[in-house]
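In what comes next, chain A is part of two complexes: it sits with chain B in the first one and with chain C in the second one.
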Partner chain A sequence: MARRPANGQAPAQFALDVRGLTTSFYVGGKWFPAVRDVSFALKRHETLALVGESGCGKSMTAMSIMGLVPKDAGRVKAEAILFEGQDLARASEAKMREVRGDGISMVFQEPMTSLNPVLTIGFQVSEALRHHRGLSRRDAAARALHILDQVKIPSAKSRFNDYPHQFSGGMRQRVMIAMALACQPKILLADEPTTALDVTIQAQILELLRELKRETGMAMIFITHNLGVVAELADRVAVMYAGQIVEIAEVAELFARPTHPYTEALLRSIPRSDRDTAELYTIPGQVPPITRMPPGCKFADRCAYRLDRCQAEEQQLAPLAKAPAHAVRCWRRTEETQPEMVVVDA
Partner chain B sequence: MPDPILQITDLKKHFHVRRGFPNPKTVIVRALDEISFTVRKGTAFGLVGESGCGKSTAGRCLLRLIEPDSGSVVFDGVPVLNADTTTMRALRRRMQIVFQDPYSSLNPRKRIGAALAEPLLVHGMANRAEARERVRDLLAEVGMPKEAADRFPHEFSGGQRQRIGIARALALGPDLVVADEPVSGLDVSIQSQILLLLKRLKDTHHLSFVFISHDLGVIRYFCQEMAVMYLGRIVEIGPIPDVFEEPLHPYTRTLRDASPVPDPTSKSIFTKIEGEVPSAVKPPSGCHFHPRCPHAMPVCREVYPRWTAIDARRGVACHLFDDEHGGRDPAP
Partner chain C sequence: MLAYVARRLLLAVPTLLAVMTLVFVLVRIVPGDPAQTILGDQASQEALMAMRERLGLNRPLWEQYIDFLRDALSGDWGNSMVTGHPILQEILNVLPYTIDLTVASLIIGALFGIPLGVWSALHRNRLVDYVTRVGSLLGLSFPAFVSAILLLLVFSIELNWFPVISAGDRSSVGEVLENLALPAINLGLIMTAYITRVTRSSMLNVLGEDYIRTAHAKGLPNRAVIWIHALRNALIPVVTVVGLYLGILIGNSVLTEIVFNRPGLGKLIVGALSQRDYTMLQGLMVIYTFIIIIVNLLTDLTYGLIDPRVKYS
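Let's look at the complex of A and B:
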């Protein structure tokens, strides 16, 4: 990772700069981190994928950036979350509301829970515009219709007054994207927006996101557990495990040289539709719960390359000597002067 | 080619549902429209297709968990659909099912040990002491500690529950297992653990499978033959590598091309995928796929394509392969 100035503003090429984000939850009388010391910078126009298995902290990373972690249960701390010259980690609630409407938008996995079932689609998209852009009712409706067209709702005009239940899952997800885009955000946070959809519909939504990105120039953080989707869409990938980023690299680099033992094992555990998998690899055991995180490497008890040192000392996310933009949190893989190349199912 | 163990012919199930507000009308959901396929001994037959295409209905009908409208199911030479109660009881022992979420099929107030012993006791296959021993063996076989017997379903993770669901299906020593999305919703690392377990059991117990999944990667890994379903019909059948390497039906190709693979150098061609899956209440005329098909011809709008057998194991329902209409040359 390129080093950034430790203080001050995000350099202009970054749309978002997250430093030292830790989000903890209060469980049984104690605080436990679910996201620990996460740092990454999102470049302008870039799509960064956050990938990892259930519970690794993907959603909480996004919710922390948006200021949406419930205050009663969770505690968010960060050195800085820099967006457009402001530190969101220290912003007021009023400021955050403004950012959420205008600067950073989010799309969630289950559109039905974020749409109001008793209001029409057209009304809900227009309302978002009226609220954040102060448009008149008529202008908002016109703009809403335009956006629904843009996300390719077939015959959007005649469906403007339909209710959410009259839409299919894929169409509802398009509506959610329309609402997120209504105010032309600088950054879109998409949290598993296609996970609940069929593959042909997923393909359409991914294509739509790609196209909208091209048109609007926005940057995107795309959260998923599906490495196939990552390969389709991402420019850069951060792999998370147990609340930490364990590997981050350009997409081509990550798939060509998966270097963290977890990333490597994960890639070999996917049954593939594009080739025969004679031998499916499997990772023994399971992810530790946030209440029982081991010291040192959180992956150590499942790792085939474990050293004694791994369970004793905390690892840093360190750039590889040969590829400085590729960083890995692993004693073994960053210390090996001549890292053995990992071949995934040649 | 191994002998058939299960032969499904023209299996059909339509649901009558009352829908609509404020004037509800009875509509017919064509969940399953005369599907036919054969599962061979010791092999896994995959059923793949998008949500609502009828995969689960097929699995349930062939086990008579729901009664199909018509068709025939022959298991190891025995007709299933008109079997009397005694025959059916014997058949149930030999044909078992694993669900996507075994939690929904486990009694939350019953300890795992009791849940696993129950079928053994009901079928008179063991007394209490024998059942206890068999439960311990079953748990070991699916990689669970024996202490699990004393615990309740909610104490286990998704992957562990699936192991318990598999143990329960194995309890009576079946020959055929219908696995309905057994790894959907599991994380990749847990999914591969369960797939390896199922594969090992398939080999050691010489099990045959009807394996339902919407994930082409999982089907390719686990199965030897497969059928692709669309709106209640089978549109293509064939041996695994063949169907993947050279899909015949345009829908099979669409499905394959839309499935993301973990390789950024082979980005799929997404732009060509049109429309959504229509409703099973009002399937499109002719070939149900024609509104989304890049090769649709006038005849596709009119006539449902008949089944074209390519060889003993391969067939497709598409006018492109029916000599009378299209000839055999689908542009890729």
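Let's look at the complex of A and C:
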């Protein structure tokens, strides 16, 4: 990936610039990184998808950016997390509270449990407005009502004083989105916002997010393990494995030329209706636990193209010669011609 | 909601009826002759016969049962076998003392227990948490009569702030409060310990909930997250436990009542038991059932104030 000037200022086209983010957890008396040296830049108005299996550190990356990693269990370190001329990696907790829910918002995976059951949705949506914008109760309510209309809650006015349990899962996720968008954030972090929903509702929520993004011009980091969603929604994709970004590219480029063996395997494991397959492809083996990470490539154990040096030395995330915007953490990027995929029996 | 209260009270009728029937049967199968108990061992045969006649003990059982229910409903709960005073009157005389004491100790418990529990949860596994936890454990395991005597020694005898004997008349609010203070503090300490522990554990549960993370993600200040988002959810189990404990407290305040020499239901129960005042016990059982029903109803109504998911239907 091209080096950026390290003068502490994010280039103007970036909404967010994350450099060298490492988040560690205290397990059995030692610190183990769950997110290791993650760097990426989010352009303005862009949707960046963070993709990977459960536990690959994609949610933790978002939580780290938000400053929401519990202090007693986790430790977040970064060279810099630049947002609007501030370095969030060095911001005080008070400063982070100003940014959260205002400049950067987050939508979580579980709409059923992410809303407070004893507070009305009207209260919960207007809360951030009252806090960040200092609006009066009445003004905040008027604005909140407008946003609830915007996320297409039917008859929002009459439902303003309803409680979360009176809404369906999809409607609750709309409320969550309304809450996140209340202060018109520059960046929305969407952490698997559709995973817990029915497929038809998923499509509606994705459509809503796309529409809202177009209307507001915000940038979005969309965390998912669903590559179908990625193809539909994202401009760029970062594939994460074992806490690292292993490949990052424009969405069309990634789907056309998946270069990291893990990305390739992920794409192969999408069930397809247009091919006659008896079995679904699965990636053999398991993600190593964070307490027992191998020194070299973290994917080497499961990799079909493994060489001896893979397990000894760690590869850097570096751009492909023929596509500078496409970076991969694998020796394969240097190969002129990529070998045909070899299927390994699990 | 009024309809709900009315329905709950209506449902209390069969419960009360069942308890009264049980009481009626129990008293009849208890060995010994009530007439003999009233008149004593020296009573003549004629006197015993006359007493049985007067109590209606020689009439058929079902007739006695009908009479018993009719009298109970019309407010005639009979007279105490020991003092001869009407039972309902005796109970109603001490009831205000018991209610004062229970409500006051509940208020003390909530006032101190809830903030302490929250504070303890927020400083989990740090010094204040340990101190609070040990303190509340002490409060729970300390016998009420010991703490009562200590309170008396310090505040009544040494400092002379409060009366030693808390019976007093109920002529003025000031007097009631003065007599109430030490007994209420004594029971309030136990209540505080209880509420602190429940609030702490419930708060710890709630702080791990997704909606607390959402509240932080909105950038709310800590105090808003804790007092608006977390506490209200954390109070739901507290209400359950307090509701259960209140019922126990009403009968168990007897030690406090004895040490402070204060009238109350607990003392009445123990007195009736030790003197085999069966008629008094009958009345006390009924009134106790009634109190439990009311406490349960109030508990359920409190749920509705805290948790919108509770429906009164």
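To be clear about the criterion, the second predicted complex is superposed on the first by the 323 of 346 C-alpha atoms of A that agree within 3 Å, B and C clash if a C-alpha of one lies under 4 Å from a C-alpha of the other, contacts with A are read in each partner's own complex, and residues count from 1 in each chain.
Keep this in mind: a contact is a pair of C-beta atoms (placed from the backbone, for glycine too) under 8 Å apart; a residue touches a chain by one contact, two chains touch by 3 or more.
Since we're looking at a predicted model, the values are computed, not measured.
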item: First, second, both or neither for A:His165, with chain B first and chain C second; value: second
item: Which superposed partner A:Val251 touches (first chain B, second chain C, both, neither); value: first
item: First (chain B), second (chain C), both or neither touched by A:Glu313; value: neither
item: Partner touching more residues of chain A, whether chain B or chain C; value: B
item: Touched partner set for A:Glu215, first chain B, second chain C, both or neither; value: neither
item: Partner chain(s) touched by A:Ser269 [first = chain B, second = chain C, both, neither]; value: first
item: Touching partner for A:Met106 - first (chain B), second (chain C), both, neither; value: second
item: Chain B partner contacts - residues on chain A that touch it in the complex; value: 53-54, 168, 170-171, 198-204, 206-207, 225-232, 234, 251-252, 255, 265-267, 269-274, 276-277, 280-284, 286, 302
item: Residues of chain A that touch chain C when the two form their complex; value: 66, 68, 96-102, 105-106, 108, 110, 113-120, 127-128, 131-132, 163, 165, 176, 179-180
item: Chain A-touching residues of chain B, taken from the complex the two chains share; value: 50-51, 157, 159, 187-193, 195-196, 214-222, 241, 244, 254-268, 270-271, 273, 276-277
item: Sites on chain C touched by chain A in the complex; value: 209-211, 213-221, 224, 228-229, 232-233, 306-309
